[in-house]
Every structure is written in structure tokens, then in C-alpha cells.
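Working notes, beginning with the structure itself.
Labels for the chains are A, B, C and D, by order of writing; each one numbers its residues from 1.
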Amino acid sequence: SLPDLDLTSGHLMNPAAPRYILSLSCPDRVGVVAAVSGLLASMNGWIVEANHHADPTTGTFFMRQEVLAESVPFGVDELGDHFLPIVDEFDMTLNIRDTSEPEPVAVFVSKHVHCLVDLLYRWQTGELSFDLKVVVSNHPDLRSLIEWYGVPFIHVPVDRENKTPAFEQMTSICDEHGVRTIVLARYMQILPPTMCRDYPNRVLNIHHSFLPSFVGAKPYHQAFDRGVKLVGATCHYVTEELDAGPIIEQDVVRVDHADAAADMVRLGKDVERTVLMRGLRYHLEDRVLVQGNKTVVFK
Amino acid sequence: SLPDLDLTSGHLMNPAAPRYILSLSCPDRVGVVAAVSGLLASMNGWIVEANHHADPTTGTFFMRQEVLAESVPFGVDELGDHFLPIVDEFDMTLNIRDTSEPEPVAVFVSKHVHCLVDLLYRWQTGELSFDLKVVVSNHPDLRSLIEWYGVPFIHVPVDRENKTPAFEQMTSICDEHGVRTIVLARYMQILPPTMCRDYPNRVLNIHHSFLPSFVGAKPYHQAFDRGVKLVGATCHYVTEELDAGPIIEQDVVRVDHADAAADMVRLGKDVERTVLMRGLRYHLEDRVLVQGNKTVVFK
Amino acid sequence: SLPDLDLTSGHLMNPAAPRYILSLSCPDRVGVVAAVSGLLASMNGWIVEANHHADPTTGTFFMRQEVLAESVPFGVDELGDHFLPIVDEFDMTLNIRDTSEPEPVAVFVSKHVHCLVDLLYRWQTGELSFDLKVVVSNHPDLRSLIEWYGVPFIHVPVDRENKTPAFEQMTSICDEHGVRTIVLARYMQILPPTMCRDYPNRVLNIHHSFLPSFVGAKPYHQAFDRGVKLVGATCHYVTEELDAGPIIEQDVVRVDHADAAADMVRLGKDVERTVLMRGLRYHLEDRVLVQGNKTVVFK
Amino acid sequence: SLPDLDLTSGHLMNPAAPRYILSLSCPDRVGVVAAVSGLLASMNGWIVEANHHADPTTGTFFMRQEVLAESVPFGVDELGDHFLPIVDEFDMTLNIRDTSEPEPVAVFVSKHVHCLVDLLYRWQTGELSFDLKVVVSNHPDLRSLIEWYGVPFIHVPVDRENKTPAFEQMTSICDEHGVRTIVLARYMQILPPTMCRDYPNRVLNIHHSFLPSFVGAKPYHQAFDRGVKLVGATCHYVTEELDAGPIIEQDVVRVDHADAAADMVRLGKDVERTVLMRGLRYHLEDRVLVQGNKTVVFK
């Protein structure tokens, strides 16, 4: 029988109560919302958040539904089984996540600490909810900080002449830890194409410019040389083409003639970590749906 | 029979194609979305935009649906009739608007031109879609500009000692023009309680501060005296209590010690008109649902 | 003898009181400020605003001083004569402007009204202080609006095959009206190199992207295709290289997946006019000093 | 003899080179800038940054000069002696700081870690330059983090019924450590009047609202109840009147109907720490001059 829902007690709206997040896309047509919401209603599913997007350019429909897990008499797999007929009928790509199973994440860093220190703080306080499996770096500098937080740290030096073994080791580390999402928190190495393909739309990078301006190295110095009045940062999924993957989030900060390139670096750091944390939040909450080289982000 | 929908021709996604906008609220429970979307699907309704909000504080559910008018074999009244059973079942407040019938609007102004000039430009270019019936002012100064735009202008002086006849005349003017929404584009008079009650959540005001700071007169001078580092503006529905109605939109702009009160006025003007135009757009597109003294704004 | 300065009366701080604006640059060294401020003090010059910038990259010093005209017993030419020894000694480029002589300006437009309508409003209300000599357009559409404001309008069609006569006519118009600054308020033609050279750092353009992203045609559509999360606008001086001149001001606005290219155009228009108006204000108040392809903007 | 200045070597522009920061205020009159810059030039003082502000309301002049220490043949005390005649002549309040002597700072915290973690990171990386003498808290929770950074931590419980001994202990701690500036990084206790008076304009607080809105306790919940569309934070100097001291810096972040009070708290935290860090930077670099209950902030 169905669970006894009691809204007045307010417990249903507990933000910490586990949820099933359904995110889907399909060719747009009449009846998609009715089919999905009808099925959810038939199993007593209590929707706490819902977002839709119909893309007129491609005729694609996107939807995200957050359903209280306790309102539904099924686990996540059985829930998925119930959706199979609809998935077929509407030619749907459907993903269901159980928020009580946090995403296993690896973080790759270099020597820059500003994004990492923010990530660790948000992870430790639970502001961002994920399972931080391991931090990997090509430098040993940040070991002590990471280990203070109780997170495994692995130093994988990258040999300029032969990067293959290093990235094979990193792939193994991710495999061993069951990692599903990789965060490049200012990791200054370019991932090999195989790794990009192994984690499609599951590697997040923070690029320190407002893309597509200033692709590649030293973007703040490029910005300084051009004399722009705002500098920015871009969180995007990593693809094989450098700094060209689907953009998840961007932001900027004002600079002026009195700001040297070093000031732009300093001011930009705050934007970088803010943008990376926002992008990561969207990703972890299954708010990002990718279509081609663009994203739908349900905020 | 149902209309022949042909997405590939792209005409369905014509942003100018008339739509029915359904906005509703009801006690939150399982099945609301299923009922509404199921009914819409049964009549072939093509949803182009949908937004939901479940308010955990009050247990109220809010929804806005934009449906292509040509996809449904009914006019707006008949459409409403089909929803009556659902309205009853879910104890729903439902409003349906046909976007092919633009909202009849009156604008009240004083001598300040900055909001008005922006409103006229957006109305003339069609960026904001409404039926500008009349502009009323207690000063004659702006007649020529308004009439250049082909809009009727009526000068209604307000006598400090006896405001009643003036506001009775303004009410008559609104009645004669079938006005449904009144925009106070820096109208410097306080509306009488009767008028507030006659147009519940249909009178928009722009207050030149970031409410609840600096209620009442000369807010920029209050801001200057307090030494704040940002000044703002607030678009809200007018209620009987001064500057205390439901807030629709707000924004701010940075100021510093070098800005005299006159500079704050100048900088603030740009925020005022931007905030008023955004608030008005949300209102005209039925994106604002009021609950108590707060708003849900589906952007 | 020197004028009788009476600060307590407050008249000195009247923002409308005429001022001499000195803007200068020279190789940086000890004593520049002392020399300039010492000379000003010797002639009783009352400084109401002062800004400095020492550029460490090039070793150049920039300064802007606003002096109350009535505090100095000289006209602008005589004032300049007194500075000649200092100009020589410090190898200085010095410009002095008398704010009681407003800048003669021509505006070039096409069919887009959004920047123009804002410019006309700010000019008419005196918010921006300049002498609007003439508006030139390659289309006749905006004649009526411009003439309502009492500004001469000249229609100069531009022949795609032979643009030379059109731009010669426009140069003549500017000459006849004594124009010193040209504002391209979304004028959709590319100025010929001769015209760029005739008005060095005196032609302001508004480009509808956050440069250097999306140079050239249809930047909003380029932005839409790339899937950026912010769109922007750039006010810059026009040089012979398209969209590559010194940047004066930039700003951005947030967009998301729900915004079609047409929405980006709509949202971007507000940024364009805001950025153009800010850039024009800085230019008119002699706050912009150009060094190479970059600007110092004393705000 | 004077030092041998060699700009071309670029060492003068080294941002890490020690500087003397002169900040002053005096009644506004002709000749202040000339006197100060003339004296600096006579001693070969190389000015790397200069800011002025003439306040028309009170007739007060404010100035800040950053001079390369190595360009001047004096220590900070001797430099001050040379300024005595000018200080007398112009009735000046003058402060000179040597940036090679970092400010001794104490931080007071409660249980909230978000501001502290940011402060520690910026202190450790040298992004903010000060001498972090001690962190004091009325809770033991953050000891481990603080000690990992190598900073002394002292737990001073505050007894609700008798706060006097606690604050006497804290005053002693500050005295022993030679503390000149106290940062309340979300310290949830109200300082006693004596402590406010002992550190005039030297205690920085971060209040979690856009003051003057929402003074006192639980400002995010007040903001939620009022239905505002932006929430903010304010960094101010602490005075005896709660949340009413001179404002140094403020900022806001957008919220909407979907944000519960808990979301506002989460979003606001990022604004709090950003605003506190900016305010602290301005304070540490002697950029904040207080006049009455307002600040001049030279950025």
C-alpha cells in the first residue's frame, strides 16, 4: 500500500529527505508531461520541483522532476522499470538518480589552492553533497591540506615527454574508487582524448576566462593585453577540443586600468571558484542536460 | 477534429503565435500536474513553457502553463469550462489569458520622464505587448511627448487639500478605457485605499529604494545619509500600506563616497526604469502569482 | 586679484559650475603631481576632483584634474599658456577643456531605435551634457522622432556598390557642423579608414557582444550557437580594424537555455544602450585617456 | 643622497616593494595637494597610487598617497616629522603606515566556518597581508582547523548571565598580542561598549543583510518573510549602536520564490565572506577613511 503522506507535519518538505530525480529528453510532442506526471501520480509520487524546456531549434523537449522518494513505493530500479513503456513510446532518454546515493567524485588539482579550498569546505559542511573519493595531483604541495580533511591524496607526476602512463594511472585510480564525476579544480594538464570519451559530460573544468574569449594559456594576460573591462570564468564539460565543451556556467568581475595582470588573476580566482562551485552543484543535482554542444541548466 | 500540428515547419514555435496562459494555485497534493497536463493533452494542447512551485511553508502549489492557442480546438472561455471539474476537485484558483487580447493599461505619471520614456519606447516597438489606453498626470509637462506617440493624455491636477475629486476622475477615466492594470511610472501621489482595493495586485509601483530600506519620501537622500554602498529600486503591487505591497522585482547599482545624493538620483533612475520594465513584463505575461504579501515570479 | 572664494556658501561645489578639466600623460617620474598641483595652487585653482594612474608596464603617468573655472583668473587658453613650461619639462601631453563649451556631437544611426531613444532622452534632460548637432542615418525611418526632439536629421543613403560618396557627404556634414565626436548608435555600416583617421579616439561605437568574443556580424546568434550563459556589449573607439579599437566600457547580462537568439537580442539591447551611455559620459567628461590600444578611464 | 631610481629595471613597480601609505583629511582649501605632493617631491618620493576626495557636504578633503618606501631617504617616523608643518598649517589628520609592518589582527568567531575558512586561505596564501595573531571563539568547534593553519586558538566561553569576565579576557588577549584590528567573522556576540570605544573604527563586522534593512537577529528569515528579491551582506565598523556603524562594503545576490530561508542562508554566506574580505582588504590597505558615520573608500 502507499505510504501515509502527511503534509501538515511538514516532514515531506524536509530538504534532506531523499528524492528521486528524473531527468529526460525526447522529441517534443503533445502528451509528454501528461504521460510522465500521470504515471508519477498513479504511484503516489509527490513532486517537489519540476522544470521543463522545449527547444524550438531542434524540437527537443527536456524535463527534470524531483520526487520525494518516500512517497513512492519503489526503489530507483523498480521505478525505472515502470517508466519503460513511456520511454519507448516517446523515444525518451531518461535518467533517474536517488539522492541518497551521493555521486562518487575525484578531484584533479595542480598547485592552485583557491578552488580546492572552497570545494573542501563545501564538501565538509555538506553544502555540496557528494562522495569525495580521492584527490589526485601532479604536484605534492597540497597533500597536507587534503589529508587534514580526511580525503585520500595521490601524487601522480606527469612527465612532459610521456604523459600516457600518468593518465593510465589516473584512470586506474578513478576505476578503483568507482568515480563517476571528475572535477578539474585548476588542473593544468590537458586530459587525453580517451579520458574525455570515458567520462562523457562527467568531467567538469573551470577555465579562467569568459569563453569563447581567451582560449588556452594565460587568459588573464590575454585579457590584460586586450584591455577588457571585465574578466570572467567558465565552467564547462571537457571534450576532446580544448576549452570548447558545453558551457555550464559563467560569470565575470569588473576590472579597470589600475588592475595589473596580477590583479586580474587575484580577482578572477574568486570568480573561478564561485563559477566552478555553481556548475558542480548543478551537475551533482542532475540539473544539467546536454544537447549537442550546449546545456540546459534547470536552476 | 484536432488541428494538424506540424512541428517541422517551425510555425508552432513562432513566438508571436497566440497562446493561452494558465496560471493557477491550489493546496499542494499528489496529482495536480497529472490532472492539468492530462486534460491539456486530451485536447491536444501543445505546452511551450511550464513552471511549477511548491511552497513548503504554506503547502500551496503554483503552476503556469503556456499553451499554443492554435493547438487547442477551443476559445479561452470554452477552455475554462473544460477545467471546471479540476478546479473543483483541487480547490484551485485558475486564471486563463489569451495573449491575442493585450492587457488594457493606464499609466500615471508626474513630472519625471525617465520611466515613461522607456515605457513608451518599449510599447511602440512591441517589446512589451499591451494596450496603452491612456496616460494620466497631475502635471501638464509631458503632454507633448505622450501625444507624439499617439497616446491619449489627460491632465488631472491633484489638489493637496482635497484629493478625492481627482482620484474619482481618474477612476472614471480607467473605467471608461476598460483599464485592467495601472502603472505608476514615478507618480508622486499616494493612491487612496478605495483605488488600491479596486485594482488588487493590478497597480504596479516603482519605489526608488531597495525596500524595505528607505520607505517614504526622498529615499536617495536617506541612502546618502546612511552611507550605503548600493542603491536600488523596487517594483511592487500597491496596497493600502505605503511601500509595503508584494515585491515583484528589485535591483541595485553600486555607488561610493564620490556620489552625491544627486548622483544617486541619476544612477538610480536607470535602475528604476529597468526594474519597472522587468516587473511590468512579468505582470503582463501572467508570470506573477501573489500569495499573501509575497510573489511567485515564473521567469 | 584672485576671486574671493567662500566655501561655506557652498557655491563652489555647485555641480553645474563651469570647470576646467586637465587631462595629461607623460613619462612617470618624481615631481609630476607636485609641479601640476603647485602651479594650480599658485593661481588659486580649486581642485574638485583628481585622479592619477601610473602604468608600470610602460612607465607612463596619467592624470586628470577638475578645477573650478571661477577659482582661476584665466580663460582656458591663458591657462594652457601657463602650463607650457611644465609640458616641456615633463614631456607631457596635456589637454584642457572648458566644461562651459559643450562638445559638438554627431550621431549616426541605422534603423535600431533603442540606443538613439536613450541618447535623446539623456541629452534633452541634460543628464548628458553635449551639443547634439545632427543625426545622420542611411534610413529615413527615425526622422520623425529625431525632429520631435528639435534635432536636425539628414538621410544619407549608403550605396552598397559605392560607399565613397556617402561617406564624403557625411564628412562634409560633420565639418559643417563643427563636429568633434561621432557616436555610432548602432550604425550598421563600417566607417572608411579615412574617417577613422580623421577622428582619432573621437568615434564611439557600441558593439553588441562582449569583445573580443563574437567580432563581426550577428554576435547574438554567434553567442546563441556557442551556448554562453552571459551576453554583453562593448563601447570602444573605432579604429581601422573592425571591432578592435580601445575598449571604453563593457557589461553583460545573464541568459539561459530558455532564451532564444531573439531573447538575447532583446536582453542585449538594454546592455548596449547602458554601456554606450556610460562610455559616452566618460568620453564627454574627458575621463578616457588612450594609451596604445587600451584606455585609462577615470571614473 | 637620494636613492638611485631606475624605473627601466621595473623594480620600482614591484607590487611587493614596501610602501608608505599616507592617508589624511583636512578642511578643504586651495593648496593641500600642492603642499603634500611638493613635500613628497622634495624628498624624492615616488607616488605609485593617489586618490583624492572633496566632500562638498562638509567641506572636508581626503587624500591617500602610496609612496615607494625605498624612494624616500627616511623611515616612517622621520617622514612623519617632515610633515608636521603641513599638518599644522592645514589642520590635518595624517596617518602614515609602513606596509612592511603588517597589521596585527585578532579574529573572533563562533561556530560558522564560512568566513573563517576564507580568511585563513587568503592569509596563508598572502593574498591578504596581515599578521594573524590569534583566533578567539566562544565555542571550541573550529580549534583543529585554525591550529592546522598554525594560528593560536583561544576558547573563551561567554556566559549569558555575566559576559563581563569573558570580554575582559578577550581584551587582555588582544592587549597581549598587540592587536590593532579585530575582525568579527560571524561572531554571534555583541561587543560591550568599552571594547567598541577601545578600537574605534578598528573592529570590522560582517552583518548578514543589506543594511539598513533587517537589523538584528535572523536577517535572512526577515528577508524571506518580506519576500525580497535580493539578499545581501554589509561589512561595517562596529560602534556602540547595533548594526549602525560606518558601512565599508556591501553586496547582494539574487533570490526568488523557490529559495527557502535556508537557501537564502546558503546563498548569503558567499556574499558575506566576499564582502568581509573586500572590506578587510580596504581596511588593511588604509583605504578606508571615516567621517562621521560614513566612509570614504579609495579603491
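Assume a contact is a pair of C-beta atoms (placed from the backbone, for glycine too) under 8 Å apart; a residue touches a chain by one contact, two chains touch by 3 or more.
Treat the numbers as computed from the prediction; the structure is a model and nothing was measured.
Note on B-C: across the candidates A-D, A-C or C-D, the interface recurring with over half of the contact pairs conserved by residue number is A-D.
For this pair, chain A with chain B, the centres built from the Cα atoms lie 36 Å apart. One finds 43 Å separating the Cα centroids of chain B and chain D. Looking at chain A, residues 49, 56, 258, 260 sit in touch with two or more other chains. If touching chains are joined by edges, the resulting network of the protein chains shown connects every chain directly with every other.
Only residues 53, 55-57, 210-214, 226-230, 232, 246-252, 256-258, 260, 293-297, 299 of chain A touch chain C when the two sit together in their complex. If you check the complex, the residues on chain B that touch chain C are 15, 49, 113-114, 117, 121, 125, 127, 145, 148, 258, 260, 262, 266, 270, 274.
Interface of chain C with chain D (complex): residues 5, 7-8, 10, 13, 28-31, 33-35, 37-38, 40-42, 44-52, 54, 56, 59, 71.
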